[in-house]
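Down below is the structure, laid out as structure tokens.
Naming follows writing order (A, B, C and D), and every chain is counted from residue 1.
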Amino acid sequence: MRELPPSHPFDDDKLKEECGIFGVIGVADAANFVALGLHALQHRGQEAGGIVSHDAEQGFNSARRFGYVRDNFTKASLMETLPGPLAIGHVRYSTAGSKGAVIRDVQPFFGEFAMGGAAIAHNGNITNANALRRELIERGSIFQSSSDSECIIHLMARSFQSNIPERMKDALRRVEGAFSVVAMTRTKLIGVRDPLGVRPLVLGKIGDGWALSSETCALDIIGAEYVREIKPGEMVVINASGIESYRPFEPVEPRFCIFEHVYFSRPDSIIGDRSVYETRRQIGVELAREAPVDADLVCPVPDSGTPAAIGFSQESGIPYAMGIIRNQYMGRTFIEPTEQIRNMGVRLKLNVNRALIKGKRVILVDDSVVRGTTSIKIKQMILDAGAAEVHFRIASPPTAWPCFYGVDTPERGKLLAANMSEEEMREFIGVDSIKFISLDGLYRAVGEATGRNAKCPQYCDACFSGEYPVRPADMIAKGFELKAAE
Amino acid sequence: MRELPPSHPFDDDKLKEECGIFGVIGVADAANFVALGLHALQHRGQEAGGIVSHDAEQGFNSARRFGYVRDNFTKASLMETLPGPLAIGHVRYSTAGSKGAVIRDVQPFFGEFAMGGAAIAHNGNITNANALRRELIERGSIFQSSSDSECIIHLMARSFQSNIPERMKDALRRVEGAFSVVAMTRTKLIGVRDPLGVRPLVLGKIGDGWALSSETCALDIIGAEYVREIKPGEMVVINASGIESYRPFEPVEPRFCIFEHVYFSRPDSIIGDRSVYETRRQIGVELAREAPVDADLVCPVPDSGTPAAIGFSQESGIPYAMGIIRNQYMGRTFIEPTEQIRNMGVRLKLNVNRALIKGKRVILVDDSVVRGTTSIKIKQMILDAGAAEVHFRIASPPTAWPCFYGVDTPERGKLLAANMSEEEMREFIGVDSIKFISLDGLYRAVGEATGRNAKCPQYCDACFSGEYPVRPADMIAKGFELKAAE
Amino acid sequence: MRELPPSHPFDDDKLKEECGIFGVIGVADAANFVALGLHALQHRGQEAGGIVSHDAEQGFNSARRFGYVRDNFTKASLMETLPGPLAIGHVRYSTAGSKGAVIRDVQPFFGEFAMGGAAIAHNGNITNANALRRELIERGSIFQSSSDSECIIHLMARSFQSNIPERMKDALRRVEGAFSVVAMTRTKLIGVRDPLGVRPLVLGKIGDGWALSSETCALDIIGAEYVREIKPGEMVVINASGIESYRPFEPVEPRFCIFEHVYFSRPDSIIGDRSVYETRRQIGVELAREAPVDADLVCPVPDSGTPAAIGFSQESGIPYAMGIIRNQYMGRTFIEPTEQIRNMGVRLKLNVNRALIKGKRVILVDDSVVRGTTSIKIKQMILDAGAAEVHFRIASPPTAWPCFYGVDTPERGKLLAANMSEEEMREFIGVDSIKFISLDGLYRAVGEATGRNAKCPQYCDACFSGEYPVRPADMIAKGFELKAAE
Amino acid sequence: MRELPPSHPFDDDKLKEECGIFGVIGVADAANFVALGLHALQHRGQEAGGIVSHDAEQGFNSARRFGYVRDNFTKASLMETLPGPLAIGHVRYSTAGSKGAVIRDVQPFFGEFAMGGAAIAHNGNITNANALRRELIERGSIFQSSSDSECIIHLMARSFQSNIPERMKDALRRVEGAFSVVAMTRTKLIGVRDPLGVRPLVLGKIGDGWALSSETCALDIIGAEYVREIKPGEMVVINASGIESYRPFEPVEPRFCIFEHVYFSRPDSIIGDRSVYETRRQIGVELAREAPVDADLVCPVPDSGTPAAIGFSQESGIPYAMGIIRNQYMGRTFIEPTEQIRNMGVRLKLNVNRALIKGKRVILVDDSVVRGTTSIKIKQMILDAGAAEVHFRIASPPTAWPCFYGVDTPERGKLLAANMSEEEMREFIGVDSIKFISLDGLYRAVGEATGRNAKCPQYCDACFSGEYPVRPADMIAKGFELKAAE
């Protein structure tokens, strides 16, 4: 039941955003809006989803399910159990918790406090969750999940503050890491971003009500107007009478996740007033300037390489073409036929446009290289179809470090770029050339005209640079070694 | 259970291919290959699928299921019930039969004859099925389905011929219409195309065995080599010792379905030695020549408009851009929230790239216009996002006549082009301009350098021209009026 | 999905009735009544059930499902698809057909004829089905099931008669064996019993309408009044204007199945004006007279041995007690724990009342012994609980011959009584004594004061006597040897 | 999915035991034994079940499911997730918690403590749960369920004791009410009964391991030997080296629930060295002495009235007969046919043996009368079948007070006997006579030769006497009024 067709043909070789969050207040049947918002955020987490709503008569109600939003939160029988004008929701990949997926790890989490209940959903990762958990258990808290997010709600339960927003401030000040939070009490919708603002959170207006969302594309689906981003370190508390803004944390320079631009966010979302699609196209333009090559066709690796491929084609003048076609119906695990089919897994998802590729020099544009395993498979398909040359152009710098801020990354030893030079990667993958955009080129594409400020980088780019803006305490306790100071 | 996310965002406003067929002989566990082939043909029919296999020990086995191939024919428990080196399969949209989908209408059909059993699967439509059915019932045949295909198997059962290929010839000579057939006996795989060759059927080689398929993309997925097309009016009988070719019908000039080029076939399939993708790109080129317009962006209506949009951009020099983003997770029917969301149905599937579109003059390239209802919705989304101008360019001529050869078309009164001139359509849809490729332009794009031969057209283009190469007898009996002779 | 908790704790060692049939005409929503009737007949067939209804507007509708009536035909969504004032239904064990259960083998069968459709459901077995089937296939009929019942509908389709009742007469005259049939056209409900009347069929009155049922207990559940039995060899045709009775067959002396009294029918049904419960109690009385034994307790093997155990206790004066308790929740296959549990299968279903049994001399009353395997298990449970003596008393004569008239019996070699004398059976099972009621005793208990008429037995008792009133032609063709004439 | 066929034909008019508990230590694959044990205890709770196991390598694992044990805990795929030599389980009716059944309310509950985890399952009711819960929430505990049992595990988490058995003692000393508990740590199986011993708990030996169970019938199913009852107020801690017994509570006179004898326990269980079946038969004997009546037949209301009916028949000499037959397949809610069927609900479950009842004076023996609604329906069925007289004999005293110790009872105003005299009940039900066994008679039947000791009753009989051995604090806080002191 839980095996789902992956969203990307090579999900097993991509970084995975762990969560999307959404909340609505001040509209009838808020849970229906949340269901739509989560559907639009499905790319941020496909394993499971949950919604909590509150209704004056029926109190808090909750539903958490494995599988797609469209398969669960579209049934009248379920949605009727989630009444009221206030609701929050969550979609997730696997959590930072235990490997086996269990429904009790699915957010939002709900807790009943002395002054009433609260529900909370969270995108990111708490880097001192293990230590906090140990301390809470020693004092008698009982954890129901293996999720790092549950710490927040136990810290809130034990706070001496007399209202929930204050309790949440208390709790979040104990927490380290990168996180965006949407939470709700019986009457309030709350949004928070960590001091660095690593993960996104935006505010929208819908009729007389308000919405909080990981991305603007989810405001579009419910017809909400995009108002602004929640600021790094900001906490907003929204109720019938309006929005209040707080600053519970010490102020620091923000470090938004640059990989949201490269891959995580949907191309139709807006970040920092720019279309994500346009940023990605611009990465392709930069890449064509940095790493030109003589060829016949520019082909995207579908679908995430498409905008950069368009940009590369436009800058280079080499025609853009759909050399690889994606099967719209994807595939789970078919039974392998007795006669061995080479690369069957890939064939279920992609097919090469043979008549087009044959005899051509092909530039393949992909968004990133993680383990390199699928780059090899794609190269082989292209060669099998008779391509004369294969050149990879990658719309991000080499991914050489794991992310500890809410993105599922292989351990460092499995990251191709942590272990090989560019030339070694070229040989390993077996192509005529491979080039990654430079870190400065990427910064230019996202709008930093002078590139990266090495002293105080404008973004979190730890996965490329190894410079972690928040100390990953739990991982260091488990033996992770930081990059040696230079 | 049967409601499936449609393959195309506007499936309710597209012509629908009714079937895909696939067969394999001479490989171990043939049914696994058929499952893969049907997965690759899923775009030809999403409602249901079926596989029949034959094994020397266990005889014929059959499984028919509603839903996607990937959701049914991937389970070991099911596939183990389909052993043997010979299997055929079928995917379908709704049938020509009764409205309520019932499993007994799902192909392949199986019948036990005096000299052994046979199974048959069919793509197309038998235009004299009603008359044949009436006659067979009067003689005591009992129909189990409402499908037109079942006539063939009853005609075979009543043939006086002593082997199944001969019985099939007997049967098919009684049948009128457009059809490609794959069938199997205990030892033979059989493929047939109707005399005009309206529907496709290709032959592939897999190891020591053979495959028959609606399209070449399904040969690719199993690693089979594309050999050739089955010829119009040809019947091939394949067994352990090789292929025999027969010509059971009176020879006529072939009339392949031109809409296979425009929309039905997958872009990575090959028809008549040309990539379907390349043909569609060429339609865009022709369209840019026939109907140029000054604009800022060329955007495809995803996904079927993409190749023609690329061609239009390349010919016109106007930049290609992804102005409309498709939600990869599609959507069934979400609960409509209380606060009305305008065009919610569309929002579940598509979102406009607002930051890109705002203030731009936009050319939208779509493959066809059927009822026009979704053209209006898309136009509105683009205008809501602030586009300065909207121009539609359609990669097919106006669809003014229903298809009776295996494609699900609205009745004539509901076809926009049957009731309006181009200028009326422009006003109705509410855009700055709308232009369709000419019939001659389409013929040029598919490779007929001198365009359409009006005396003896090279293709079946009845949906555009109203010239039906086979008399639709059943429909005429129900009151359909042919185009008046000119 | 298809594995169901058996109705009797030792279903694997019982003869199984193969079918129950039910039909209603002249009441609104007839299918709901049929669902209730089938629920009351569930003991006659648990594997699958089906209902066909007819409505003036919507024509014939059909639903066939594996599993219990209560799990399928209670859903409004399903029952709404079966409208109209006329419906028939069927429950079945495994069919006479192929081993693997497939839905197309589930009755009622439906066929469309030249003058309209008809549906048919059947209890019994056609002893010349193989021969008929072969002949029909040779003439071009296509069978959809492996069920013997389908022959009837093909014979009807090929009849030259101009209405369905006449076609049915034509068909049934070709058929040999034991059968009760309910059938329906668009306006008529039809009931037939074979000339010998082996299988039961009764008529009831419900409001202005009528019902046909295998047993009277199903009339009770819908509040219908029991009118009379359909007579052996009678055909009734019921419509708006009343009932017509026909005699399509040559008259012969009737031979009702005596095992219906012993085990198949429900104890609250009435056969031949006597309560089945009372008949079974009377068997216990006869048994106590024929085979008395000194003991402390009379215990039934639940539940089918209960009435005879009550009779035995009342006649003998030995106290009746529930020495074996049946688990009301039955059990499918639990995972066998690593530490071997002896007779786990039995324990899932039954438990001995240890405190009651310990040290006692126990008479166990069971309805029949087929293979003897479960008699051994029960004996062991009783001994393990500390019984001093164990005496079996069996409420039927030794079952020494298979039934070919619609009851699923092991082949002769597996019938204990076909291979052992009574004393050998006692030793094999390992009890202090075992006694079966005599054939004459059984006839007396069912009301034949002078016992069995050996020249012309009043009942079909082939399973005890080996005297088959209808020649089992198909089985003889397969090698079955009739009892040598004496 | 959650609607299940009830175990008793009139479950809606019966008191319902809320739980059964079972635990095993020292055998391989302990969870399989627990599944079997829970299957045997299914009559104590049909809504849901859960199992927690512990394995040295994989730690604690848990599975909780709605529905029957046989439908969930029989699947290898599930049972393989519950490895290890130590496991506990639980079946339940609805809980004391909120009305809507949610899986998080299903036991066993699990908590991780500072020194390791523990799981706990509980039969009974904590009468001060509301107060405890309020206090725990104020201190920051977060409750995941609405179950009263969860208090115990939070009290344990907050104990300052350094091992789990001591923490459990701490917790249970804070708890008021009636409860039997099975719990487990990583290495220990723990069993506790409340000081009064209201709910049952027995100890068994299985190979080298041990089992704890609500009833002995569940020891039988796994082949365990019954050792002894856990004593009121006793706590046993079992591990590899044996059993330790503790007495954590102040000693008081025990008050076992007398209704376990009357109805809750299975007839094949042993309580206080007596067969429950035999006790119930003896109740029938006492009843025949206390309330004789001249009649033709003694019929049980199936199935729970059967033993008392046998006793009544034996003492009175009036023949025992199955006048009412139970449908073995029970029924959920069928669609009510348009033509009204009187008492359809009853007909789905029971049918009167008309031919037997007609013209007879019938004594109906039932175990209890709660609301009286079904007594009326049964009376009507018997009269409709033509009975001359109907006499009810009830194997328990009038049920006039609700139970607060783990049994689901209607509120007092809905208990027939709380509002009517015996004569009023006779008139209300409409029978010729109705008699209940006296409280003294019941005490005699359970083995107290001199009847009830009014000063210090030997059993908890609050449902009959209104004398509550533990003050129902939460209910009194909600307004329940105790019986006025006499």
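The definition used in the following text is that a residue touches a chain if its C-beta (ideal position, glycine included) is under 8 Å from a C-beta of that chain, and two chains touch if they have at least 3 such contacts.
Small disclaimer: the values here were computed from a predicted structure and weren't measured.
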| item | value |
| --- | --- |
| Those chains which touch chain B and also touch chain A | none |
| Angular offset of chain B relative to chain C [C-alpha, multiple of 5 degrees] | 180 |
| Rounded Å distance between chain A and chain D, as computed from the means of their C-alpha atoms | 51 |
| Intercentroid distance (Cα basis), chain C paired with chain A, Å | 62 |
| Touching two or more other chains - residue numbers and ranges from chain A | none |
| Residues of chain D touching chain C in the complex | 5, 7, 27-29, 32-33, 35-36, 39-40, 42-43, 46, 68-71, 73-74, 76, 79, 206-207, 217, 220-223, 266-268, 270, 273-275, 277-278, 281, 303, 306-307, 310, 314, 319-322, 325, 327-339, 341-342, 344, 347-348, 351-356 |
| Chain D partner contacts - residues on chain A that touch it in the complex | 103-104, 111-114, 137-138, 140-144, 153-154, 157-158 |
